[in-house]
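Structure record follows, encoded as C-alpha cells.
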C-alpha cells in the first residue's frame, strides 16, 4: 500500500501512509489514539475508499468498492468494534457474508447443517466449547466473541488477517490465547497485521513494527532492531513521556 | 474463553443448566403460539354458537386474517431488516387506484394494468428504500412522508381524471382476462361443490345460488397469504439472503464490515413490502371490482401490530415470519370474533389496544424469563 | 329464518361510516328505539376506518352469524353487491338504507331501499340555489375519500350548472382546520356566493368561520344533515336551508318493516325516500328539540 | 489528549479551523430558520395578493400554527428525552370529550370539569410513561395501544351516556365561568377595537359585524402557544432539568449511571405531552363549544412532523423547542398558504409529504456539512 | 463491603466478595474477563442492588437505591462503557447530574457561565485545551473523553473514585497521563479503586491488589508483597498460562 490518504470532511485522518505485509509474518501497527490506525486498516479492508494512494495485492493494484471485494481478495479483518450481531446465533455469525449453500431442486439454500458442524469444530479447535451452534453471540463473553471473529477470519482462508486491537478488552489468559493464535496463523503462512497499544503484546508476536503518528508513518523496524523503550518513545511521540514514567516506575 | 486452554471444557459452574424444553421455547414464535391458543380457546368458549365456526364463519375470519398476513409478511421481513414502512396503507390505496385508472379509465387490458402497477409500486418501494439508505434518515420519517404523498395522489388522480374518488367497473373489464383470476379467483371450486352436494357443508337455501355450497372455494387471497408465508419463511431461515436480513437489522455497520450488502438488502426489503401491499391491493380490486381513495387506511399500523404481536423486535434483527403470520391470525380472529360475540363495536378499538399491549408485554416477559436476560 | 311470528328476531345494521362520524348516531338511536318497540335485537356494525373493503367483510361476517335480516348501506355497489347477494342467497333478508338507489337494491336482491339518493339530493339543492340566483360556491368536504360526499358536491354543482372544479375543499375533520381553511378560501376567493357543507362535522366550524369573518348572513349557506348548531344557524338565519334526509327513518323503518315482514308477511310495495326534505326557519321546534338525537 | 502534557496546547494541525460564523450555525434550529425564511419568501412572492398577509390572513395562519405549536412543544421535549407519543391525537379527542361530558352531561361547573380533565389526562400520560419505563418496551408500541384505547373510549363513552358522538352546548354552560376564558377567550380586545376605529386595521364591510375590526383580539390559543414555547425553551436550555432531558434521550444508561433520574424524567415528559394535548383540547372545546369523537385524528403525526422539521432527532438527545415552534409555524403557514394560493386541495397531502421529506433531508445535510460528521 | 452477591437470572455474577478501600490509597481490582469486576463496582456505585451482602461507608451501612445515592455519598465512578452523552456539550456532560444552579427571581436556573468556566478550567488542569465548552463530547477522542470523565469525578469531591478499565483503549501517552492522574488524586486523600487487565498498569499505581476469579476473591496482597509474575498467574487462575508464555517470551 502506497501513500494512502484519507480525509473526512475537515479532518485529515491519513496524510500519506505506506505499508506492506508479507506472507507468514506479523506486522505490528502501533500508534497513539487517533493516529489513524483504524482508519488505515479500514481502507485496507474496503470499508473506506482512500482519498488518494494505491493498494497493491500480490503485485496487482486493487480497487475495493466495498468490504466484500476485500474479503473476496483474501483480506479478512477483525474490527476494533466487533463485527458480530449479538442477536444472531454463533454459526450464523460465523458464516455471515460467506454463507455455505446447498442446492435443492435448483434452488440454493443456506446449508445450516454444514455451517453448524464447521462452527462447532472450529470453535473447539480454538478451545471454546459452545453450548450449541444456535447460541446467540450476545450471550458470549467479550473474549469468546473475539475468538469467534478470529476463527472466522482464519477459517475462510484469508491470505491477510487484520486484527484491530484484539487484546484491549481481554484478560491475561484470553490475551495469551489470542497471541498464540496469531502465532499459529502466521506459521500457516498467513500475513497478519496486528494493531495494539501495548508494546509488550506487539513485541511478543511481531516480526516488524510500524509506528503511525498523526496520520503519518514514523518508520518501520524489524524485530530485534528496536528495544521496547525505543518503541514506546516512538509511539508516544518523543520525550514528553519520560518525566512521567520516572515517577511511576517505567512500567506502562 | 475461560476454558480456552482446556481441551475438554467442563460445564461452567456459574450457569444453571437450561433444559432442552426451555431451549425449545426460545423462539420468536412463542408469543404468537400462546396467543393463538388463547384466542381460539376464548372464542370457542364464548362465541361458539354465534356462527363463528360454521364453514361460512371460518371463511370469514380466514379471509380477514389472510389479508393481514399478506401485509404482515412484508412488514415482518422489513422490520427484521431494521426498518419499517408507514406507507403500506397508502400504497394499498394507491395501487388499487392505479389498476382501476389504467384498466377502466384508460382502457388497458387488465393484465397490463396489473403488471404496470406492480412495477410502479415496487419502484416506489425502491425509492423509499433508496432515500432511507442514502440519507440515513429514520424510515419512520421517510415513509411517513410517502404516507401523505401516496394518499394525496390516490385522492387527486381519480378526482382529476374521473371526477370521483371511487372507480368501479373493474370486474367488467376483467372478464376473460388471464391474470385477473390469479388474484380475484377461487380454487378447489369442484371440491367444495362436491362437499355441498354431499351435505358436508351448508348450502344456500334460496336465490340464484340455491343448492350451491355457502363456501364455494378457497379465495386466491388465502392462497397468496400461504405462498407469501412459505416464501418469507424459507427466505428468512433457509437461505443466505435470510442471514443477511437478520444481519442488516441486527447491526448494519457490523454486517457491512463482514461483507453483507446491507443497502441492497434493505432496499430489496422495501421493495418486497411494496410488493406485498400491491398483492393486497390487486386481490381487493379484483374481488370487489372497484378502487376507492379510502382503501388501506391505517393498514400500516395493523401490519406492524401483527408483526409485533408475532414476536418481532421493533428495533430489528429478531423475529419470524411464522410469528408474524400467527400475529395476523390473532388479529383477524379477534377483530371478527368481537363482531361475532356481539361486542359494542365502538369498544373494538379498546380491545385492540389492550390486546396489543398485553401481547407485547407477554412476549417480552416470556423472552426475558427464558433467555434470563434482565 | 323464514316468516315465523316468533319474537326476538335478530337484525344487524351495517354502515360504511368510520366510527367517529357523529351523524350515524341518529341511526343508532333509531334502531335502538325500533328494537325496543318491536321487541327485536338490533346490532350496529361499521368498519372502524370507513374502509369499504372492510365493510364487505363485515357483511360476510354478519351473514355468517345467522341473523334474520341485515340492513345495510350500499356505499359502493361494486364492492358490496357480492357479499349482499350472498347473504340474500343464504336466506337472510336485506334492506338497503341511506346510500344506494332503488334499482341497485333490486339488483342485489334486497327487499327494498330506504334513503336519500345522494346525487339527486345534491342536484335538487343545486337547483334551489340556482333559483336563488347563485352562480358560484364552496363545498366543504370533510371526508373526501367517501364517494357519497363527493356525489353531493357533484350533484350541487350540476344542479347549479357549473363545473365542480376547485370549489370542493378537502377540509379534514379537525374543527380548527376546517374553520381556518374555509376562512382562507373565502379570503382568497372573496366573490364566492354560496357555501355548502356536508354535515355537522363541517357545518359547525364553518358557522364559526363565517361569524368571525363577518360573512354570516351575507353569504348563501346551505348544508346537508341536521345537528344542534345547524338548527340554531337555520333559526338565526345564517343558514338558508338544511337538507334533512331523516336518518331516524332510515334506521327505524327498516327494522319495523323487516319485523312485520317476518311476523306477518307484510311489505310496502315501493322504496321509501326519506329525503331530501328542506328544513328552513319555519317550524323548527321539534327539530330543535331532537336535533342530533332523532333528527 | 494528544497534547496532554503540553501546558499550552497548539492547535491541532489535522483539523481545519472552523470559523465562528460556522460554529454559530451549529444549532438544531438552523433548519427551522432556513425553512421559515424560505416558506415566507415563497408565499410572499406567490400569494401576496390572496389576502394571506392582511391582518385577517395573518391571524388565520397564526391560529393554525399556534395549534401545532402547542402539541409540538410537548412532543419536542418528549422526543429529546428519547421517547415519542402516538396517542396525542386520541388524547385530544378524549380530553375534549371528558370536559363536555363532565360539564354538559353531568352538569359540573366548567372549571371543575377542566381541572378534572387535566388531572385525568396527565395521569394517563403518566401511565403511558410508567409502562414504557417499567417494561422497557418501545414507546411506539405502548402509545400505539393507547391511541386505540383512548379513541375507543372517546367514541364509546358519549355513545353510552348521551347517545351521540358530538356533545355540544359547552359554550352555554361556560357562560360566566372564571376558568373558561383562560382557554377560549381573546385578549387585547380593546386595543384592536381602537385600531379598527382609527383605521389601522380593516373593518368588516358587510354582514352582522359591519364596522367591527376584522381581527378583534388575540385568541388565548396563541397566548398558550407562546407561554409553552417560553416555558419549554427555558426548561430545556436554562435549567438542570433540561440537562437531564437531553441526557435521558442521549444515552439513558449513561445518564442513569451519572445520577440522572431517567425514569422520572421520561415519565414527567409523557405527562407534559399529555398536558399539552389537554391544553389543545380545552382551547378547542371552549372555542367551538362542542366535543366530537373525531377530534385530533392524526395530530400525533403532525406534532412529530413539526418537531422533526424543527431539527430534532427522532432518536432523542438532540433538538430545540424554538426549532419545533418554527417547524409548527412552517407547517401552519404551508398548510394555510396552499389554501390561500388556491392549490387543488386534495394535493395538500402531497405537498405536506414533499415538504416534510425536503425539510428533513435539508436538516440532516446542514448538520453534516457543518459538524463535518460523515 | 462484605460478602456481596449478585445474581442475574440464572447467572451468578458475584458469589460473595469482600473488599475495602481506604482514603489515599489505590486499590487495584484485577481479574479475568467475566470475573465480575464490572458487576462488583456497579454494585458499589448503586447501579445494581446486591442480591445479598452489605456495603459500609465510613463505618455506616449504606443502601444505595440508585446511582444518585452513591454519588451523594461521595462515590464517583467512571464506567467501563463511558458515562458520557456524545451529542451533549462537554460542560453539560461535566455537570450531568450535578448541575450548578443560580437563583433568578426565585427560580433556579442552570448556571451555564459557571459550568463553562469550571469545565474549561478543570480540563486545562488535566492538560486538555477545549475548542470551547460547547464542543460536543462526540467530537472528542476516546482518551479525551476518559479524561473528562475522570476530571468530573475528581472535581465533585469524590471520597472514593472508581475507574473501570480506564486505560484499555488508550495509547501509551494517554495511559501514562491517566496513571499520573490517579497518582495525583490519591495524594489528595481520595480512595481509588482501579480496575485493569494490565498487571503493569496495576503495579505502577496500586497500593493493594485484589484478584477476582469467577465471582470470588482469590485474596488481597499489599504492594511489594507480590511479584508481577505471581499476580499474573493469580489473574489467569494458575499454571495453564505458563506453557503459552514460554513460547512467546513471557511478555504478556
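Going in written order, the chains are labelled A, B, C, D and E, and every chain counts its residues from 1.
Keep in mind that, in the parts below, a residue touches a chain if its C-beta (ideal position, glycine included) is under 8 Å from a C-beta of that chain, and two chains touch if they have at least 3 such contacts.
All of these numbers come straight from a predicted model, not from anything done at the bench.
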Label of the chain whose CA centroid is most distant from the centroid of chain D: A
Remotest chain, chain E as reference, centres from CA atoms: C
Centre-to-centre distance between chain C and chain A (centres being mean Cα positions), rounded to whole Å: 72
Centroid distance [mean C-alpha coordinates] between chain D and chain A, Å: 50
Chain A-chain E separation of Cα centroids, rounded to whole Å: 28
Averaged-CA centre spacing for the pair chain D and chain B, given as whole angstrom: 34
Chain D: positions in contact with at least two other chains: 1-2, 5-6, 18, 151, 155, 159, 344, 346, 348
Contacts with 2+ other chains: residues of chain C: 19, 144, 170
Where chain A touches two or more other chains, by residue: 32-34, 141, 143, 170, 173-174, 177, 240-241, 244
Contact footprint of chain E on chain A as seen in their complex: 31-35, 141-143, 165, 168-177, 179-180, 183, 197-201, 203-205, 232, 235-237, 240-241, 244-245, 247-249, 251-252
Of all residues in chain B, those that touch chain A in their complex: 1-9, 18, 23, 234, 237-240, 242-244, 246-247, 250-251, 253-261, 313, 317-318, 371
Chain A - residues contacting chain B, complex: 45, 47, 66-68, 71, 77, 79, 81-88, 92, 95-99, 101, 108-110, 112, 126-129, 131-132, 136, 139, 141, 143-144, 146-147, 170, 173-174, 177
Residues of chain D defined as touching chain B within the complex: 131, 135-138, 140-142, 144-149, 151-153, 155-156, 159, 301, 304-305, 308, 314-315, 344, 346-354, 356-357, 360-361, 364
Residue ranges of chain C touching chain D (in the complex, touch as defined): 18-22, 24-25, 28-29, 32, 144, 166, 168-171, 173-177, 179-181, 183-185, 187-190, 200-201, 204-205, 208, 210-211, 213-218, 227-229, 292-293
